[in-house]
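The two complexes that follow have subunit A in common; it is paired with subunit B in the first and with subunit C in the second.
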Partner chain A sequence: MNSKNENLKEQVLRASGVNVLKCMRCGKCSGTCPAYGEMEYHPHQFVYMIEKGDIEKLMNSPSIYRCLTCFACVDRCPRGVEPAKAVEAVRLMAVRKQDGNRLKPEQIPDMLDEDMPQQAIVTALRKYRK
Partner chain B sequence: MKNFTYYPGCTLRTKAKELDRCARVCAEILGINLEEPADWQCCGGAYTTAKDEIATKLSAVRVLNSAKEAGNPLITVCSACHNVIKQTNYDISHDDEMCGKVNRYLGLSENYSGETIVYHYLEMLRDVIGFENLAKQVKKPLKGVKIAPYYGCLLLRPKKALAMDDPENPSIMENFIKAIGGTPVVYAQRNECCGAYTIFEDKNQAVERSAKIAESAREMGADMIITACPLCMYNLKKNSGCDIPVRYFTEVLAEALGVEEVGNEQ
Partner chain C sequence: MNRIGVFVCHCGTNIASTVDVKAVAEALSHERGVVISQDYQYMCSESGQNLVKNAIKEHNLTGVVICSCSPRMHENTFRKACSEAGLNPYLVEIANIREQCSWIHKDITTATEKAVILGRTAIAKVTLNTPLTSMESPVVKRALVIGGGIAGIQSALDIAEAGFEVDIVEKEPTIGGKMAQIDKTFPTLDCAACILTPKMVEASQNENINIYSFSEVSDVKGFVGNFTVKIKRKARYVDETKCTGCGLCTEKCPMKKVPNEFNAGLDNRTAIYIPFAQAVPKIATIDPNYCMMLKNGKCGVCSKVCTAGAVDYKQKDEFIEKKYGAIVVATGYNPISPEKFDEYAYSQCPDVVTSLELERLMNAAGPNGGTLLRPSDKKHPEKIVFIQCVGSRCDDDRGKPYCSKICCMYTAKHAMLIREKYPDTEVYVFYIDVRTPGKNFDEFYRRAVEQYNVHYIKGMVGKVTPKANGKIEVQGSDMLADEQLRIDADLVVLAMAIEPDKSARPLATMLTTQMDTNDFFTEAHPKLRPVESATAGIFLSGVCQGPKDIPETVAQASAAAAKAIGLLCKNSITCNPCVAHSDELMCNGCSACEKVCPYGAITYENKEFRMPDRTVAVRRVASVNPAVCQGCGACTVACPSGAMDLNGFSNSQIMAEVDAICK
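Let's turn to the complex of A and B:
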């Protein structure tokens, strides 16, 4: 692993608190993931690719905006790996980059309808921008 | 009267007024005094699990601390607020580094380190009132109504922080439904996510998710779905294509307790 990848990996591990070495690659997290069909990389792949230092591929993948943070993979992983926390750490690294915001406030008015709860907007802002 | 500090959150003040109004009216009937702090802020809707995020956790810590100062447990109704506040409270009591950073930032007169006990409104009904006592106060039981409780993701997970029920085989809403005289419907998708905020990334993701949930409830014969979450309510009503009525749990509670004019709308 080159030093740039080493550094990115270190940042993800530190921010997420996830120990990727605990993963036994059973795939249960991906098997239960309700966003499986929408994700290019699935939760077990996040864990494995972080171990390998393949962080940029993950940062550039729309998968990081498809995870629902539903914590199903967290509670159902038999090894307590908590893959959702790894996905979140990668997503934060992507949206914290200069011009890394996925959602811009000026896009929001067109996406609203009269029933849309505030909760949806504040959550999307938290997930999709910094 | 038992006192609780009450955190409504942003949506209960706007699009989910009935969720809030019914919660307050029913608390009064049940002898629970809800005290709303003057200066609460929006919880942000989602808990940021990353350890290097501090600012996004502060509004939850502020309301936890105002409950501590008032000497009350804290009560929440919205699933998302409940999730954010309980995860914040869990991490602040288990992660010394985060606790230190938060306290250095807030500069409170006394450090906050997770002292407040947090209840979801349903937990208050189960653990403070007791479902048996609740059943005794019911004036208009929902006899014969088959009700599918929708937990979604945020009410129960992650289990170690929320510590509310078994996320894989929950019973709190089923027992609530029995207490108000209805018949609970157990169905496969009761604890899977509705698609949540992905409406801002690709609406189809929420359409597919919420349709699956409604279909699963329908297959098991539900007449009605109940939820505690305004975003679940939105996705089930707007995006699932489902014609089963979706109601807030506090609305059916209010009806059962004999409250007049409980709205069907958000």
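Let's turn to the complex of A and C:
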């Protein structure tokens, strides 16, 4: 792992507060995840790839926008790993890097459409409340 | 004049690599009273011990200090060596420079400095040591076994065969425990009842064994070799001496809607019941929570039909008190409840069952007479999903942090038995790891895969959803294929974590034994004393000490029995002379010590004292029974007048130690 990745990993760990070493690779998070089919990397892979330091791959994957932040994985992980928080931290890093890409709360109402899942709205509000 | 010998052990490199042992020996040689101070590679070896013995004779030593490992390891070794050389064994002190020094420090300078201080402290103490003589206390030649599962039965049989009396106290109406509920057993697939019930019968017929069923231990006093135990014989409302076990009452009882615990609640029994056909003792018991006669005085059918006149609605709980030399704890386990795990829909869907329920569903004496049918519609399940590790290896408060050890094997067993009997059934097992160490165990699991075509899927189930069409959708991950699977199952089986019986914790308090944070009883040494508890005379048998299958349980049960027999063979045992005693002139009879003594060793006497003015005053003073006192020292701290003191750990000795540390 090079020092840049090491640094990214450090940031993700710090921002998420997740201890990836607690994961026992049971896959329950991915067995639970309602967005599984949409994702390139699945919740358990997020946890494992962060452990390996493969952060850039994750940052560049559309998977980070597919997570609904439904917290099902957090609720059910037997080891208290909280994968959604790890996904969120990677997403935050990506958003920070892109900077201008950030959503403003006022934009949200305009973006609503009938097909948008409830969870996504909740997620959007949860993420950009401040 | 004190003549003290100091011996510093290298313990190979265990001590010598972090503590400069030569420097320690040199520094301690200058302490007051020390006449010889030397180091040696292995003090506990025979030549090490000879070094001490020779020094005692040559230098006429009055005290010995060994700087070595914890006194828990070798205090007895060195006490014995000294007494062989003619020195009272209680004139030996151990300075623990291994566990409390070399193993926990990295820096040689600080470790060496600390070792010197610890040595000096022991020297300060040994200077004030007085010779002590142990007393002998007789051993009651009877054992108590608490819990009548396979562990308790095996321990009892072994002790009885050695010629000693054994009582089994079992809280349920019958002995047998969980094994009685199991259908067939891995790895040989022989039927559990066929191998268990002969043992149950043997226990009931053995002249040396006395079974107190439907009974609980309510109080324990005393100490190794001499426990006094109060046993509560719960009212079963049936006279045990009269009931013949004919079962007529159970047929006639009109109260038929009582959940049947023997069949894991899958069917009902009557208010008066015999748990199962091979129950031992085969005596009916009335369940007071359901009996209409006991609840509102209406019915009385069982009493009318009983030709033996055994039914007695007025029966009360009875207490008996008996003495025992040894106690074997065999209180076993229970599977945890699946109710907290909402994602598996156990409470919503009758076709999501636990493994123990499955045992009953497959058992010939079970609710379906041995045909595997879904509880909901009594149809044959065509697709069955097993989920392993439910609540085991869990970091949150819903489950247990440990591996329950038996579920990988019994799940393989279930899967194989189903494929054998119903080859058209599809069977899936979701696993995190398959853990099958043990003789013929991995071969067993491989047989399930290779011969019986059970589909093992590496991954966990995230969600179980009962559907309107009667199917159960199981959504889980297949980690190796990197897929999320959805299986429409007919039956889902949860391999629940196991936990110690809830009654074990209060029992441990009564027995003054230790438990771990999961409420398993703690063994005296995890490797070398696996069947003894840290409390002398209390032995551990079966799952109450940690998860185990039947072969392991039985091995441990026999080991616990061997230890108990070893104790019962002795006519008397040597008591620890380091007991408390009170200074009657200082004691003001305040009762503070009595309240803190966990062993009930302290009583009070009214004694006459001559006062300085020649009158006689009667004062209440504490007196310690040295046979009961375990030397814990709680009273010496509680006594506000400083009247209580402990032999071998007197207040003055402890102050001298503190002074030496602070010097």
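A few points about this structure:
Basically, the second predicted complex is superposed on the first by the 98 of 130 C-alpha atoms of A that agree within 3 Å, B and C clash if a C-alpha of one lies under 4 Å from a C-alpha of the other, contacts with A are read in each partner's own complex, and residues count from 1 in each chain.
Just so it is clear, a residue touches a chain if its C-beta (ideal position, glycine included) is under 8 Å from a C-beta of that chain, and two chains touch if they have at least 3 such contacts.
It should be emphasised that the depicted structure is a prediction, and the values quoted were computed from it without experimental measurement.
More residues of subunit A lie in touch with B than with the remaining chain of the pair subunit B and subunit C. In the superposition on chain A, A:P78 makes contact with subunit C only, while subunit B stays out of contact range. In the superposed model, A:C29 makes contact with subunit C only, not with subunit B.
Within the superposed three-chain model, A:D115 lies in touch with subunit B and out of touch with subunit C [touch as defined at top].
Contact with subunit C, but none with subunit B, is seen for A:H44 once the two complexes are overlaid on the shared chain. Shared interface residues of subunit A, touching subunit B in one complex and subunit C in the other, are 72. In the complex of the two chains, the subunit A residues touching subunit C come out as 22, 24-33, 36-37, 42, 44-45, 72, 76, 78-80. Remark: subunit C residues 343, 389, 393-396, 399, 432, 458-463, 475-479, 482, 484-485 touch subunit A in the complex. Every residue of subunit A that touches subunit B in the complex is listed here, in rising order: 14-17, 34-35, 38, 62, 65-66, 68-72, 74-75, 82, 84-85, 88-89, 92, 102-103, 108, 111, 113, 115-120, 122-124, 126-128.
Subunit B makes touch with subunit A in their complex at residues 9-11, 14-16, 42, 44-46, 48-53, 56, 78, 80, 153-154, 157-159, 167-168, 192-193, 195-202, 205, 209, 229-231, 233-234, 237-238, 266.
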